[in-house]
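Presented sequentially are two complexes of chain A, the first with chain B as partner and the second with chain C.
And then the complex of A and B:
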C-alpha cells in the first residue's frame, strides 16, 4: 500500500472528474438544471465513506480472530476518515437540497437513516475513548463495529429503497441510469467514485502510519 | 542568453497586448468560452491539485519519520 502509482491514479481521477463533471454534457431536466452535476461530487463522498467503513469492519473481524493491535488501529483510522467523508456528504447534500427540494432537511428516509448511521459511528468513537484498558477497548469496539456495519447498510441502502424517498432509485423514482439517455454521465461518475475512494483510502493509510509512529513513541518513552 | 530571453519576453508581451486589443467581439477563445465556466474549472482544479500536493508531501514526511525508527 506504500506504492505511489495508485495515489497518482487517485489524484488524476479526481481531477479528470472535475473537468469532465463541469464541462461534459448532461441531460437537460427541469428543477435539476445544472445541479445534476452534483452527482459527480456529492455521491462519491458516500461511496468513499462506505468503502472505509467496510475496511474498518473487515479489520475488526481480523482483529478479533488474530488479536493483532495493528488491525484495531486500522479499524479506528478507517472510521475516523470515513466520518469526515460522511459529514462532507451530508453537508453537500443539504446545500443542494436547500435549492432543489426547497428544504435542507426534508424528512426523507435516506437523510434520517444517514443521520442515525452517523450517530452510530460517532458513538463508536466515543465508546473507544470511554474505555481505559487497551485490550478491552479494542475487543468491545471491534464487536460494536461489526454490528454497526450491517445496520448502517440497512439504514442507508435498503430501507430508503423500500419506502418513498426523494433520492433516485427509491419508491418508484427513476435512477440516474434512466435519465441519462446517452450514457455520458456514467464513465465520469465512475471515474469520480474510483478517484474519491482511492483518496479516502490514501488519507486513511496516512492516519494509520502516523498512529503507528505515535504508538512506537509511547512504547519507547 | 539574456538577449534571447528579452526578445522572447517582448514577443510574448506584444502578443498579449494584441490579444487584449482584439477584444471587440466575444469569441470562444480559451478561458473566455461558454460563460467563462472554464475559469471556475481552473480554480477548482488548482484547489484540488494543491490538496493532492499537500497529501503527497505529508506522505513523504511520514515516510521519513518511519525511516528514522
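And then the complex of A and C:
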C-alpha cells in the first residue's frame, strides 16, 4: 500500500474533476440549471463513504477470523473516515436540496436513511468507547460492525427504491445518468468518483499508519 | 446431543424458568398495559395515522424491555455451564425462538388491550395481525443479537438503546407502511413487496446472528 502512483492518481483525478467540473459545459435543464455541477461533488462522497464502510466490514471479518489487532485498527479508521465523507455528502446534498427542492431537509427516504446510517456508525464508535479491554472491544465491535452493514445497505439502497423519493433512481424516477448527464459530463463524473474514492482510501491508510506509530510509542513508554 | 435436541431442551429450560418466576412476562405485560393507559390519558382519541404509530412505539419499547434481559438474567457461571455443554449455534437459535414466542404472546396481548382501550379502526384485521406477527418476529431476531452484544458491555440499557434503534428503524419503516395499508384496508396484492422485504431482512439477520454469535460468546 506504500506505492505512490495511486496517490498521485487520486490527487490529479480530484483536481481534474474540480477544474473540468467548474469550467466545462453542462446541459441547461429546468430547475437544475448550473447546480447540476454538484453531481461531481455530492455523489462521489457517497461512493467514497460506502467504499470505506465496505473496507471496514471486510477488515472486521478478517479480524474475527485471524485475531490480528492491525485489522481492527483498519476497520475503525475506515469508519472514522467514512463518517467524515458521510457528513460532507449530507452537507453538499443539503445545499443542493435547498436550491432545487426548496428545503435543506425535505422528507425523503434517502436523506433519512443516510442520517440513520450515520447514527449506526456513531453507535459503533460509542460501543468501542464503552469497552475497556482491548481484545474484547475489538471483537465485540467487529461483531456489531458486520451485523449493521447489511442493514445499512438495505436502508440506503433498497428501501428508497421501494418508496417515492425525490432522488433520481428511486421510486420509479429514472436514474440521473440516463436522463440528465450528457456525454461530456459522464467522463468527468467517473473521474470525480474514482478520485474521491482513492482520496478516501488514502486518508484511511494515513490514519491507520499514524495509529500504528502511536501504538508503538505507547508500548515503549 | 444433536443441534435440534439442544435447541429444544434450551427452549424448554427458558420456558420453565419463566414459568416458575413469571417475572419477565408479568413485568412486561404490566408495562404494556400501563403504557397504553398513559397514552390513552394523554391522547383520549386519535386518528388512524397516530393510532398506528403509537401502537408500534409502545410495542418497540415493550420489546426492548423484554428482550434486553435475555442474556443477563442468568448468572455468568451458569452461562459458562451452558456454553460448555451446548454449541453456540443452538444457544443463539434457542434464544431467538424463545424471544419470538415471547414477543408473539406479548404483542397479541398488546394489540388486544390497545384496541380495547382505543377504538379499533383497522380495515383489514387479518393483514394487520400478519403485520403484528412479522413485527414481533423481526423485533425478536434483531434485539436478541443486539442484546447479546450489549450484555458484554456491562452498562446495559443505554448501549442497548443506542445499538438497537438505528438497526430496527428500517424494519420499523416497512412495518409501519405495511400496517398502514392494512389499516386502510387497501388491496392485499399491494403489500406483498413489504412482506417480502421483511422476510428477507429477517432471514439475513438470523443468518448473520448464527455466523457471528460463536465469536461473541467466546470470552
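Methods note: the second predicted complex is superposed on the first by the 218 of 221 C-alpha atoms of A that agree within 3 Å, B and C clash if a C-alpha of one lies under 4 Å from a C-alpha of the other, contacts with A are read in each partner's own complex, and residues count from 1 in each chain.
Here is the rule we go by: a contact is a pair of C-beta atoms (placed from the backbone, for glycine too) under 8 Å apart; a residue touches a chain by one contact, two chains touch by 3 or more.
Since this is a predicted model, take the numbers as computed values, not measurements.
With chain A as the common reference, chain B sits beside chain C without any clash.
Draw one line from the C-alpha centre of chain A to that of chain B and another to that of chain C; the angle between them is 160°, to the nearest 10. Within the superposed three-chain model, A:99 lies out of touch with both chain B and chain C [touch as defined at top].
Once chain A of one complex is fitted onto chain A of the other, the partner contacts of A:19 are limited to chain B, with no touch recorded for chain C. Comparing chain C and chain B on the residues of chain A they touch gives the larger count to C. In the overlay built on the shared chain, the residue A:91 is in contact with neither chain B nor chain C. Shared-chain residue A:203: touches chain B; no touch with chain C. After overlaying the two complexes on the shared chain, residue contacts for A:158 are found with chain C alone; chain B is out of touch. Residue contacts after overlaying the shared chain place A:11 against chain B, while chain C stays out of touching range.
Superposition on chain A leaves chain B and chain C with their closest Cα atoms 33 Å from each other.
The contact sets of chain A with chain B and with chain C never meet. Against chain A, in their complex, chain B makes its touches with residues 37-38, 40-41, 44-45, 48-49, 52, 55-56, 58-59, 62-63, 65-66, 69. By the touch criterion given at the top, residues 145-146, 149, 152-155, 159, 162-163, 165-167, 169-170, 173-174, 177, 193-194, 197, 201, 204-205, 208-209, 212, 215-216, 219 of chain C touch chain A in their complex. Per the touch definition, chain A reaches chain C in the complex via residues 64, 109, 113, 116-117, 119-120, 123, 126-127, 130-131, 136, 139-140, 142-144, 146-148, 150-151, 154-155, 158-159, 162-163. Those residues of chain A lying in contact with chain B across their complex are 2, 7, 10-11, 14-15, 18-19, 22-23, 199, 202-203, 206, 209-210, 212-213, 216.
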